[in-house]
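What follows is subunit A paired twice: with subunit B in the first complex and subunit C in the second.
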Partner chain A sequence: MPGYSPVNSKLLQVPVGPGQEVYSKRGAMLAYTGAVRFAPTTTAGAGIGGAVRQRMAGESTPLMHVTGQGSVMFGHHGLHVEVVDLQGDTLYVEADRLLVYDASLQSGTMFLGEQGGLSGVVRGQMTGQGLFTTTLTGHGSCALLSHGGVVQLPVQPGRAVYVDPQAYVAHRGQIQNKLHTALGLRDLIGRGSGEGFQLELTGQGVVYVQASERKL
Partner chain B sequence: MGYPPQPPYGQPGYPQQPGHPQQGGYPQQGYPQQPGYPPQGGYPPQGGYPPPPGAPGGYGAPPPPPPAPVATFNAATLPDDDNVNPYAFSVNLNGQWFIQKGKMIAYYGQIKFEALSAGPLDALVAGHFHSPLYAQDWVVAQGQGKLLLGDRGFDLNSFDLEDGNLTIRANNLLAFDPRLTLKQSIIPGFLTLLGTGKFIASSNGPVHFVEPPLRVDPQSLLGWADLPSPCHHYDHSYMRGVLGMARGMFGIGGTSGEEHQFEFSGQGTVLMQSSEQVRESPAMLRELEAQVGMLGVGGLQRLNQVIGQRLSAEQGGGRSSGRSGLMDLLD
Partner chain C sequence: MNGPRMLAVDLMGETIRALNGSMVAYEGQMQFKRQGMTGGEGLMGAVRRRVAGESVTLMEITGQGTVYLAHEATEVNLVPLQGDTLLVESESLLALDGQLRTGVQFTGLRGVTTGQGLATTKVEGHGTVAILSDGPAIALEVVQGQPLSVDPQAYVAHRGQLQQDFVTDVNWRTMLGQGSGESFQLRFSGHGLVYIQPAERGDGLGAEV
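Moving on, here comes the complex of A and B:
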């Protein structure tokens, strides 16, 4: 299928047609040609149950369903856009970082406690990621938003990657993450390095890290 | 002696000022140039980074090439009417230029900034600046020297118009050559440049040129050239049908936020940028304020309502995801 084509680092052109519909962040359309319709959606293909779960999880970001025939340009507040192609694997990402994704992808919500139990919950709280994260599974493309662009860091067994929680964008593959604290005496007296918490990612896969510590 | 206000901040040793030497005479040695700074090597880049515990080595990738050294410019080496880097532009001023207030970041030479209301500028303003609404936001820079412009870290570009007609978002127009004529566009918040000359404009990300037919989100529209003014396009097609009625009545699903675009048709070019947050534009505000007077009580109430809705949407939209899921569950 003709894929997403980045116009520049902040603009993305997405073809839309029968059989190629997409969901996108509301208000992220910049321009379009052709007969394209934008309808607000709360379920985003996940059904009512999915929508309720998303709402409960605080992972419901306003989305719209883009249909019709034409070509749409997306962008959001001048943030950098990164296209990720999924081939049957799963991407874990915060809902508000998703600019646009193929309707062919299954979206879901995952409780962080499923990954690491209580420490997963603590991690979600400490890093401001919340307790839930959004998952996308299947074959198709999606585009992530980041401040300052993203780099992909490979995670391999025996090669853990440590990421600032604010710079973490998404990950894919078989990855366990846990909160790594490096608090010392200096932090207690307010002379810390400001890098007290890191996400430690281990396993096999790729982590996407943005070049900035600004949340969206 | 024009600009440099004399007593140079009480520093006797500051070697400068006598008649403000032009160009090459600028005392380089006065500044502790590069040697004062630790050179690039002093900064511990690769290798200095401790490999994560448990990792056999660093990352597999070869170390990236060292960053290019930061260029140091002086009045003579600054580019003439060209970009210093993507975010700063150097104008070789010799005469007069119109500059939007707050976009000048530095200058060399003898340059004076005069409000448009200044008496001697009357003829220039009368001939080339036809927008009283924006007059407070603009000044005229006159003199000789290098003028550096910048705007919020946006990408800057210079454009040359040849007997052309280009309309651009007022906030994104930094400066223009007084050979051009500025007029207010029919579309609020936009300015039109007519004639032949150069102007400098900023954009969030590189400018993307598109040909009509096209519909553009008003926030991402940077401008358009050689085209008729756009018209509004409204799309509420999802409000049709049973589901649409339910939507309208109960407000479920909300709006798509994409009901309104500017529609372009005809021959020409549309300039787009990645969307930007709507910035307070004093001129736009004045324009709207001026029109409030035409409303009656009903209209004012309605406006109040619209502003309330818009305000809550803007503030709600800015809600960060940092809000924990637990909090969402609780409320």
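Moving on, here comes the complex of A and C:
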């Protein structure tokens, strides 16, 4: 199965054919060749229940179902595009950072409280990520949007990585994350270093970090 | 370096100074401390900085491990200094070695019209400075007898024995609003290097997406 091929760092070419259907952010198509159809979708393969969950979770980004035979180019707002290949593992990502993903991947919504209980909820609120995040599981490819490109930082047992919540893009693998505060007296009096909160990622996996503090 | 837009700094207990809030990730043990009002320049330095409007908020980073710094997806350029002086716009400064000294240099008239304030930041000593540019910065060499003129909004930094003065090309067309948009330039003469970026700062350094 031919995969996603980046035209440049901000433009992605995706082949579409029978058995090779994708979901993409609505309106992110820039050009296509062949007989390709774009159908707006609200369920995105997650079923009605999934759609309701997404809507309630605020993790619903308008998506479209791309089918047919041909090749489509995707891009969004001049943001950098990073292709991630999944082999049976799970990617955790914010819904609005997903540009395009294979229909063969199962998407779901995860309540942050499932990971860390109350502190997960607090973390979601503090970092502006909301209470839910989107998961993609299975075999296939997906493409992430970032401002300024991403770097992959490996996380290993005994080697925790701390990430600015605004620069966090996605992670995969067996990773626990929790909110790490480094607040001092100076922050309370408005003279902080601007690095009061970080996500602490521990376990085994990879975290994707963008080169900017800008949320999408 | 870790790609053109992210700077990775390995620390073994030493201290660096970086733009407030520019940390995107780190491994190991790190401490972040905002610098006081004086920023290591003493009381007079702080007063001068306040007067000049060249305020830059830096934080001190100390620890063991690797820290990743980035700012608004602008590109990072490393400039090694060996005892010489780099003059840089405060908003283009990302990080610098702890041994480097910073100060304020008054530049006179040009800042007023270019909206960059009356002064610029001076970095001197031995060490490495990371400067930000919107797009990859290039260094242009200035030699004796061949002055270089640059757009003030594309200017990032300069070093060496350079005098700068302000060139205006204002004529009646400009007055009528029919100017070419290139009415003001900075002219550098002497011997040294000038760093420019391939973008013109309209409203701050932030690249629009």
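Following the convention adopted for this analysis, the second predicted complex is superposed on the first by the 216 of 216 C-alpha atoms of A that agree within 3 Å, B and C clash if a C-alpha of one lies under 4 Å from a C-alpha of the other, contacts with A are read in each partner's own complex, and residues count from 1 in each chain.
Keep this in mind: a residue touches a chain if its C-beta (ideal position, glycine included) is under 8 Å from a C-beta of that chain, and two chains touch if they have at least 3 such contacts.
Everything numeric in this text was worked out from a predicted model, so none of it was measured.
Q: Quick one: on subunit A, after the overlay, do subunit B and subunit C clash, or do they fit? Just give me the call.
A: Because the two structures are overlaid on the shared chain, the partners are seen to clash.
Q: In the overlay, answer first, second, both or neither for which of subunit B and subunit C A:163 touches.
A: After superposition on chain A, A:163 lies in contact with subunit C alone.
Q: Contacts for A:209 in the overlay, against subunit B (first) and subunit C (second): which applies, first, second, both or neither?
A: Touch partner of A:209: subunit C, not subunit B.
Q: With both complexes superposed on chain A, which partner does A:11 reach: first (subunit B), second (subunit C), both or neither?
A: After superposition on chain A, A:11 lies in contact with subunit B alone.
Q: In this superposed model, does subunit C or subunit B come into contact with more residues of subunit A?
A: B
Q: Could you tell me if A:78 is touching subunit B, subunit C, both of them or neither one (first, second, both, neither)?
A: both
Q: Contacts for A:139 in the overlay, against subunit B (first) and subunit C (second): which applies, first, second, both or neither?
A: Neither partner.
Q: Touching A:153, do we find subunit B (first), subunit C (second), both, or neither?
A: both
Q: In the superposed model, only one of 42-50, 186-194 or 204-212 in subunit B has C-alpha atoms clashing with subunit C. Which one?
A: Clashing stretch of subunit B against subunit C: 42-50.
Q: Same subunit A residues contacting subunit B and subunit C, which ones?
A: 77-79, 153, 159-162
Q: Please name which positions on subunit A make contact with subunit C in the complex.
A: Per the touch definition, subunit A meets subunit C at residues 77-79, 147-149, 151, 153, 159-164, 167, 182, 184, 186, 191-195, 198, 207, 209-214.
Q: For subunit C, which residues count as touching subunit A in their complex?
A: Residues 2-3, 5-6, 20-27, 30-34, 36, 57, 59-60, 68, 70-74, 209 of subunit C touch subunit A in their complex.
Q: Applying the document's contact rule, which stretches of subunit B touch subunit A when the two form their complex?
A: Touch list, subunit B to subunit A: 52-56, 59-60, 204-206, 208, 210, 213-217, 219-220, 235, 237-238, 247, 252-259, 261, 270, 272-277, 317, 320-329.
Q: Residue numbers of subunit A touching subunit B in their complex, please.
A: Within the complex, subunit A contacts subunit B at residues 7-11, 26-33, 37-42, 56-59, 61-62, 64, 73, 75-79, 94-96, 124-125, 128-132, 153-154, 158-162, 215-216.
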